[in-house]
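Note that the chains take the letters A, B, C and D in the order they are written out, and that residue 1 is the start of every chain.
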Amino acid sequence: MAKEIRTIGVMTSGGDSPGMNAAIRAVARACAYYNVKCIGFYRGFQGMIEGDHCVLNARSVRNIISSGGTILKSARSEEFRTPAGRKKAARHLKELDVDAMVLIGGDGTFRGGQIFSEEHDISVIGVPGTIDNDIAGTNYTIGYDTALNTVIDAIDKIRDTASSHDRLFFIEVMGRDSGFIALNTGVGAGAEEILIPEEDMGLDRLLESLKRSKRSGKSSSIVVVSEGDKIGKNVFELADYVTENLPDYDVRVTVLGHVQRGGSPTCFDRTLASRLCVKAVELLLDGEKNVMVGLLNNEIRMTSFEEGLKEDYGINKELLRISDILST
Amino acid sequence: MAKEIRTIGVMTSGGDSPGMNAAIRAVARACAYYNVKCIGFYRGFQGMIEGDHCVLNARSVRNIISSGGTILKSARSEEFRTPAGRKKAARHLKELDVDAMVLIGGDGTFRGGQIFSEEHDISVIGVPGTIDNDIAGTNYTIGYDTALNTVIDAIDKIRDTASSHDRLFFIEVMGRDSGFIALNTGVGAGAEEILIPEEDMGLDRLLESLKRSKRSGKSSSIVVVSEGDKIGKNVFELADYVTENLPDYDVRVTVLGHVQRGGSPTCFDRTLASRLCVKAVELLLDGEKNVMVGLLNNEIRMTSFEEGLKEDYGINKELLRISDILST
Amino acid sequence: MAKEIRTIGVMTSGGDSPGMNAAIRAVARACAYYNVKCIGFYRGFQGMIEGDHCVLNARSVRNIISSGGTILKSARSEEFRTPAGRKKAARHLKELDVDAMVLIGGDGTFRGGQIFSEEHDISVIGVPGTIDNDIAGTNYTIGYDTALNTVIDAIDKIRDTASSHDRLFFIEVMGRDSGFIALNTGVGAGAEEILIPEEDMGLDRLLESLKRSKRSGKSSSIVVVSEGDKIGKNVFELADYVTENLPDYDVRVTVLGHVQRGGSPTCFDRTLASRLCVKAVELLLDGEKNVMVGLLNNEIRMTSFEEGLKEDYGINKELLRISDILST
Amino acid sequence: MAKEIRTIGVMTSGGDSPGMNAAIRAVARACAYYNVKCIGFYRGFQGMIEGDHCVLNARSVRNIISSGGTILKSARSEEFRTPAGRKKAARHLKELDVDAMVLIGGDGTFRGGQIFSEEHDISVIGVPGTIDNDIAGTNYTIGYDTALNTVIDAIDKIRDTASSHDRLFFIEVMGRDSGFIALNTGVGAGAEEILIPEEDMGLDRLLESLKRSKRSGKSSSIVVVSEGDKIGKNVFELADYVTENLPDYDVRVTVLGHVQRGGSPTCFDRTLASRLCVKAVELLLDGEKNVMVGLLNNEIRMTSFEEGLKEDYGINKELLRISDILST
């Protein structure tokens, strides 16, 4: 029989993302609703190791649903990769009578949680919070939708000046291993080309495409580039290469950077965070563990960590085809 | 054998929604890509009746992906409800060699298109464009996500002043027959109560809930009300009723109104519009007709008009429960 | 000789406005910088009467510069209009060793402060915080610039749908006694007509102008109306009147309401609040009192309350002429 | 006697800025109002040289008041620096019967206009349009206020993630020769330090300040750096230097870049553009020339090019002091 859950811990880990506060609020409020104590740990696994924590009640999360960042702060912890580190964390949790943890973060967070849960008798449920959307167990991670709109807003602004000056802009967006942000914002902003890590477009095809675009009468162009695109050059080298080979183009580069991590979350990210975290608490109370919750095919579902962390998180390459058609 | 499609018409009808321009752009660009002529009709069915049209090529839709409203304008047409009106429209389409139509709009638009298609030999495909999200054949209609964020942004602002003055605000949002906007923005904005047409909360429960909220120490509150909520009073009567019965509360009303229809579409609405409309054109070229395209369970799918227009478009009442838990 | 100032109080009063938090922060930080104690009173004069206060140090105002509303809350106080109420307030201030007060608010706040300062030995300096901009002693009040942009953003959205449906919108904005918001947003949003309390346009001229606009080929129109416009009808009566007399027009009304009071302040309002409040603290330390600080002709200046509260706060009617020219 | 003005030309030149479209609209509408023909030249002086132009009437500028960029495009022209280039431009203007020009741009634009006006009998009036605000003849240039808010919005987002991860961010903003943007956004965003070209802070003082900030308990910090700051290192070198010397800090860099040039203009920039350009047209009709119009001490005034282009455009170093006080 599952042990009774009287205290639930919560933390945020990995790169922060908009909606993490909405998620923390939902955990704290759901705990209050079900008369369970809620303890927040600071800076992810590191706070668990150090016992750095606070008690979260319904009031302590008032008015944070609309704010970016995470009141629990986030970090990556080297120490938690060691059995000794995890043992320290387990000891602190025991001392605080924490029976279960809600871990808000990305794949690294879930992997850490999985090992931790196997080594120590703590129920763990993961909630996907990362702007990268690279988690198989959900169609949308918390923060991803906000990041898309932040990028769209920035590209729209750059489009204004690109058009005024007949320029070609290379815009680097986040996504070291996955092209979700580049692909969706590229289509959403009407970019002429999109470069993602999952697909090697090749430099020749890029040049060819830009030449064609010029011939068709377009005077300005936007190319959206994922940090980790496969073409083997960083965005500045790419810009130099194009400048050398297509001297007609007046080329500029913008690296959007960390603005993509901040900002007030969109309605989608707030409701997603709210739904996933209420579910996470309810699942823990029902005796579940070692799973993540996600939005799959428009429903809140749980998935085992193994399944949820599969490499193939299903990027929609169909969008590359859509982009080709629409940038005609 | 399906006749060959050489010219495709497109129009927007019913209440306008953000992303309609992205949709028009996608139809025009997909037509250009497949070497099909594209003709835009102004003011929905009315423009078809009057033959009020323009030729759309890849250039004519440049830079409209980010703008709200619809360059083809929108209207409701009484005349199209008559066989004579539809006959006129069919004649104009014949004269212009229009073989098929993409209709961007809501349920009324689809019903008009269905009858029209049955009476006259014109292939018709519907694309759901409305902020109301009340179409069974898709989980998301174009414009809905933008409207949610417009509302969230407004409620966040009102929350600022509600907190400063310890006030209770009733905020009316759009949704005459469906509570999608109220429900999702209510959860997203952390509203204390949500009133929707699909569920009669009852005045007593509302008063009870507000009293409880006051007792719990909340000094300000937000109640999100759908235009067509079931409680049988409009938002001003509701406010008066609460003022009389809970004199402790300093009550204010805001009717958000038409701001909800405008604004630059979100990334989600832009990519949704792009994907649905490319698909609509491709389906027409493949000989399909009398269907709508939608995003169902994270995939672009077609649904017959009959199926797509079912009354039960599946509002997620689970969100009411989530709201109850989170407004603890 | 001026007495030494060791403790400065601060409060926000009247209708709240974006930037009040930036102002509170600047008072608290300037006090910390000059080694003066800072005490915040809640809900304006009412908190002074009740002794409802908190100590503000550099940390307590961290990260509030970007948030709307006021952490000290705001209210109107009937009791402070009585000598007895003011006496209570003075007693609380004495008990707390408050030597001087920074009052952030509008004309009512300043008048209250002036009387209070005359009756009791408390140095008072006023900082103009109101979205209405109706203070003679400054060209810009804190919150006004943010309100302008909130309104502009809303009208831009309404313009989208007005254009799509060929409609005429009457948009009511705040300003019961002054037309600053209507006038500047009317010009900024390219409104066809602007109705303000300072100028009686007359119904005939309005109809004439709208007819002319229709004849010139404009299919949609925006009329911005100040709450307190002189035409003697409220915005709904106005809309009815126009509908009756110009049946060609499809008329709609939007009352923007309290969204205008909220939101993250603009850069202008934040720097204005910062500059004015540092100056207010420095003036108090220099022995000044009974003055307001303002931005006059691009410089921070102090003005006596008498002068600063003159009726003629100089609305720029020239903008009505500009609007006539530009809505050609 | 001044010759009669029957045709006025308008162009935008130099780096584009938000509000240039509002300015073009105001010139075109004012011309329409005064029954003067209006001709727009593309890409600044270059379009004048090439005779690349369009006729602008009241309709052609409809709905552009809210859009960023410039419909007339902008460029820098090497050819116009030569007498031969300017002669070509004058010839085209003569052919088109252009009697006078409104030049919208920065100091380079005004200098070009001044020489051109002296060499050829064309009346020229300058309107300050640049995000840099580095023009002595006006307190505000068109586009500057919008750029400030774009930067503030970006820094607020970065602040979210900086706080979550306890990081120090160096944020580079535009302003090669002037620190207006850095100074005002630094104060507006509550930056810990601000580095501008007008003031050499020195590396030692920067390190000292950051150390002090750390000691005071701040875990995250923002330093706003002007492109052309005096410290002699670019923003990446600065970050490296600080990382080496203050290993406690986790340092990141964001270069905001061209997003600062785009976006829908603020209310302030729209009304400023409207007022300045109506005035410019009216002054030309009154026989004025060789002047710029600006907003000085809250009034629209004209200034001779000589005066308006003085080196000392009066940056407000007082803000550095304010920043020191407020970042306590």
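Keep this in mind: a contact is a pair of C-beta atoms (placed from the backbone, for glycine too) under 8 Å apart; a residue touches a chain by one contact, two chains touch by 3 or more.
For reference, the UniProt names are A, B, C, D = ATP-dependent 6-phosphofructokinase.
All of these numbers come straight from a predicted model, not from anything done at the bench.
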| item | value |
| --- | --- |
| Distance between chain centroids, defined by C-alpha means - chain B, chain C (Å) | 36 |
| Separation of mean Cα positions, chain B and chain A [Å, integer] | 28 |
| Euclidean distance of C-alpha centroids - chain A vs chain C, Å | 40 |
| Where chain A touches two or more other chains, by residue | 156, 159, 163 |
| Chain contact graph, described as a line, ring, star, complete graph or other shape | ring |
| Contact pairs between chains, per stated definition | A-B, A-D, B-C, C-D |
| Touching residues on chain B, where the partner in the complex is chain A | 25-26, 29-30, 32-33, 58-59, 63, 65-66, 139, 145, 148-149, 151-152, 156, 159, 163, 184-185, 187-190, 216-217, 264, 266-268, 270-271, 274-275, 278, 296-298, 318-319, 322, 325-328 |
| Chain C to chain B touching residues, read off their complex | 12, 16, 18, 20, 67-70, 73-75, 150, 154, 156-166, 169, 252-255, 257-259, 261-263 |
